[in-house]
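Consider the two complexes below, in which subunit A is the common component and subunit B and subunit C are the respective partners.
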Partner chain A sequence: MRTIKDTNEETVLKLENVSKNFGGIQAVDDFSFEVKKGELRCLIGPNGAGKTTVFNLITGVYPVSEGKIIYKGEDITKMPAYKRSRNGIAIKMQIPGVYESLTLRDNLKIACYNFLTPHCKRRELEKAVDELIAMVGLESLGDPIVGNLSHGQQQWLEIAMTLAAKPDLLLLDELAAGFGPEETAFTAKLVKMLHEQGLTILFIDHDMDFVREIAQKVTVMHFGKKFAEGEMSDIEQNEDVQTIYLGRSQGGDN
Partner chain B sequence: MARAIKAENIVAAGFLVFAFTLPLFKGAYSVSMFAHYYIVAILALSMSLVWGYCGVFSFGAAAFYGVGAYAYAILSLSAGETALTPLYMLVAVLISTLLAAVIGYFMFYGGINDVFVALITLCVSLVLETFMAQTAGSQWSIAGVQLGGYNGINGIPTIHFGNQAITGIPFYYFVLFILLAVYIVLRMIKHRKAGYTLIAIRENRARSLLFGYNIEFIQMIVFALGGTVAGMAGVLYTAWGGYITPNSMGLIQATIPVVIVAAGGRKNMTAALVFAVIYAWFTQTLSATGSEYGNIIVGVSLIIAILFVPNGFIVAVFDWIDKFIGWATGKKKG
Partner chain C sequence: MDLYSSIFNFMYLFIDSFGFLIISALGLAIIFGMMGIINLAHGEYIMLGAYITTLTAAAGMPFIIALLCGSLGVGLFGGIVDRLIIRHLYKRPLDSVVASWGVSLIMSQGMLVLMGPSIPGLSTPMGSINVGQFDYSVYRIFLGFLAIFIMIVLYVLFKKTKFGLHSRATMQNAVIARNLGINSDRMYCMTYILGSVLAGLAGALYAPTLSIVPTMGSNFMMLSFVTVVVGGADPMTGTLLSGGLLSLFNGGLSMIFGTLMGRLGLLVVAILFIRVLPEGFSGLVERQTLRVNRKKQEAISNGESN
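What follows is the complex of A and B.
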């Protein structure tokens, strides 16, 4: 699935003319884009632009109405969601996706379960959980019920849970929403660290400071279509992009 | 999870001692009645697996119970070979399992969940009951066995080992053995890593899908396994009483396991088992003493239990004992 132009860059994900309509609503409209291996790309756009829907199409929560999704050279358009997950597509969802009534460690065990060797020892499972907790810096918490944790702790836990899959493509939907400056800074550091470890990351965010801090490449969506694409610095200068964002507060939470 | 001895295990051990020694200090009638209570407990375990562990709220246990019971009745009466009753038992349980698997397949792969599963399974149970209740005419017979309409089928042989009919105390131990086997297997599922699969589905299906869980498939398997366990209870009931009627698939039969498991504690298998036995014993004792208010007393106490201890009455008791043990041992150390 490589184009002749960039043979040395491997494409992890490619959407080809993907559309999705819900009844009368055209949430995603003839949308095409690519994510290269090792890339840290941000998907931005006004509320309702179709960003989360794109994620849902990539993970397989919804089938596409039209178009093709290629992942690591394979057409996964018809692949069921659980298989896509097992093939290394992991997502941190927009609405917090932790199991609130369970403990921290049980959350991580659930996240690990499908990605361990089938007959691994209980000790190995505990060790994998320890490593994940350390990765997002939640060691000091012990093993509380997750519903009692702060919003930020839940978000970081969910990142740890997505990492349990040792993903090849990590999708992050509005990670920094509802964060104060300190939490945002910590999160930015975390994402950058994951990227430096070689992870391919595609993320959605409205917080422009956060996006500027970590993103290299940006794709802008508007009314379900691709509106612009390029380096973060160019996109910020783009007057059309500024116009579609006009009237909404930056860094807002929704 | 703490390594300390937990109330749940103490209660389970206590039940084991009680159940194994019961025939030593109780008469034949009580022993026989307790065999019946254990059959109710097996039915409750089916509910606990499907609803409590996997979060599928279903009234189907009654249907699979009834189908297992009728299948055993028809097989054992038509073939008339009592030495083969253990085989009939297996076949009947297999039929319940297959029925559950097929219904589960269409529901879960058809994207049906939650309240709609409850509705569909309730309808399946009630349709089966209504259908069996109108089979009074002589034209309604399968392999020479009259279905008997509302009166059901009578004179069904118990399980035989060789030429030996299993009744009385041996039957009691036979049921106890099956109850414990089901209990142990289901607890093993829960405490093995596979238990996380069920909990993940119970707690949040949409999220678990994206952690690589094959939701529909697991739901179908668990639902089928619930059919196995409920069908087993139905077969044992038929062998115990020698009769089966359409009531075994009716509204009361469909709701009682739900109520038992809800009141005892749906997320805990030991609680479901113990409470089922207590419930069955209590209602039987009340009705035997001729109190007309028996069911009302039971009903009201169950409502109170569900309202005020939503995690289940027995689970609450477990928690109190655990706290007490923690307090007592902490005091000693301190």
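What follows is the complex of A and C.
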């Protein structure tokens, strides 16, 4: 049984006035936002708005210039990236983050090792790998060198590697990029399924149909700042958002 | 000299050279191939291993214990050097050359100040056997086979264990590794220590066969560099094939024309080889495996579409 405090309203991730500049370029500017437990939140915004940088700050690829990152009530601003991962923050990166010169199973083993009981038996490891392969539907491939797989297959592999951590907070950076309609539909189904299993998911995407289909709440970024936040339907009606993002001038369609 | 003893003579020279090249090059190959660090202090690490082993054995310890002290002692030393200096230079080959050259000078001169121009060596264990008109050292034959055994152990370590996979993952892309919860800093440090332990082991194993002087590292340095350059970036396959090829020429030429020509021949072969295949054996092997794998993959997808 869970305690009363541990309700759906619990904040999983909180960014407080986070800024990041790269040698004078303000990529993220005084950005604050909160993600509650079990939420399925989308981060949208024009190219260069700072979305991927926010992800990199959350996972710890870059240190923040200013501000605080709180995860499950703990200040993780200074925590090294690998510890954030072990604490349950997982990311599927924009460019497939897989090891191209290694085999499919080796890739998954790398991802599994840290999240199985120490000195687990080889059989348990192989079983965990089999389960992940089945979850993303790559059973028919065998054990090829990953560099020889198609873009889509590499994407699926990375999702499987991300899930190996059994994360609490899942960050998905342009998951559906480069996918055809069928693959996008399968992706949407998978994301929904993971969300139903209780995962808190934060994702970036440009495909508005995809966002509309799965997102509950949307945060819009523009020039590194939070521009708007709310339900998808409200955001789509918001004229300012349409101006900056959906590519419509206020005079009508361009 | 009859045929059999000639064959044996050649085999001996080959195995001796093979063992020497592999055992002395592995530490360098792992640190270079995995971490992109050219460790110019490699020879001095080997020297340190030889000193520790010789002194421990001279103090009355059994040789096998002295051997362990030699390799682990150098591992510890490598760990300290890594934390103080090398960790700032990961993936910066040129800077690492300068820094590790400095380390090598400090080590060889420091050893000269500390222990004088030489210390009494150990006698070679295992005795010798007589074939034809020559006596052969059993220990050096043993080292040739030990080299193969060490390669097998390292192969299993890098291909089959958690450390090996995480180390390879970190070296290929540290950002992905950290996102998967791998402590990449620790992986770099442990890989450097492993390379140092192997250098120490080389010094320890060859300590009884050489005179123990502070400059002894340079003997190892030149040959291990040639082996690594001909082998290319893959520390396993590259070193094995390169050790084999170079020893074939070294052994053959040594038998016919003597040691000097053997050594020269080895260098000439190395230079010609790099001229033809600048990426060494690793580049050649990688291209072949990729081609075979791609064909296999195509066959599978063709099968699926039918």
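By our rule, the second predicted complex is superposed on the first by the 237 of 254 C-alpha atoms of A that agree within 3 Å, B and C clash if a C-alpha of one lies under 4 Å from a C-alpha of the other, contacts with A are read in each partner's own complex, and residues count from 1 in each chain.
Following the convention adopted for this analysis, a contact is a pair of C-beta atoms (placed from the backbone, for glycine too) under 8 Å apart; a residue touches a chain by one contact, two chains touch by 3 or more.
These figures come from a predicted structure and were not determined experimentally.
Undergrad: Overlay done on subunit A, so just call it for subunit B and subunit C: clash or fit.
TA: By the criteria stated at the top, subunit C and subunit B clash after superposition.
Undergrad: Classify the contacts of A:N148 with the two partner chains as first (subunit B alone), second (subunit C alone), both, or neither.
TA: A:N148 contacts subunit C only, not subunit B.
Undergrad: Thinking of the overlay built on chain A, is A:F115 touched by subunit B (first), by subunit C (second), by both, or by neither?
TA: In the superposition, A:F115 contacts both subunit B and subunit C.
Undergrad: In the overlay, answer first, second, both or neither for which of subunit B and subunit C A:S140 touches.
TA: second
Undergrad: According to the contact criterion defined above, which of subunit B and subunit C contacts more residues of subunit A?
TA: C
Undergrad: With both complexes overlaid on chain A, does A:K78 touch subunit B (first), subunit C (second), both or neither?
TA: A:K78 contacts neither subunit B nor subunit C.
Undergrad: Would you sort A:K189 into first (subunit B), second (subunit C), both or neither based on which partner it touches?
TA: Touch status of A:K189: no partner.
Undergrad: Touching A:D106 in the superposition: subunit B (first), subunit C (second), both, neither?
TA: both
Undergrad: With both complexes superposed on chain A, which partner does A:G97 reach: first (subunit B), second (subunit C), both or neither?
TA: A:G97 contacts both subunit B and subunit C.
Undergrad: Pick out the shared contact residues on subunit A: the ones touching subunit B in one complex and subunit C in the other.
TA: Dual-contact residues (subunit A): 59, 61, 80-83, 85-86, 90-91, 93, 97-99, 101-102, 106, 109-111, 113-115, 161, 164-165.
Undergrad: Across the complex, what residues on subunit A touch subunit C?
TA: Touch list, subunit A to subunit C: 59-61, 80-83, 85-86, 90-91, 93, 97-99, 101-102, 106, 109-111, 113-115, 140-142, 144-145, 147-149, 161, 164-165.
Undergrad: State the interface residues of subunit A toward subunit B in the complex, per the touch definition above.
TA: Answer in residue numbers: 59, 61, 80-83, 85-86, 90-91, 93, 97-99, 101-102, 106, 109-111, 113-115, 122, 125, 161, 164-165.
Undergrad: Taking the touch rule as given, give the residues of subunit C at its contact with subunit A in the complex, in rising order.
TA: Counting only subunit C, the residues touching subunit A are 162, 165-166, 168-169, 172-173, 175-185, 289-290, 293-294, 296-297, 300, 304.
Undergrad: Give every residue of subunit B touching subunit A within the complex, in rising order.
TA: 193, 196-197, 199-200, 203-204, 206-215
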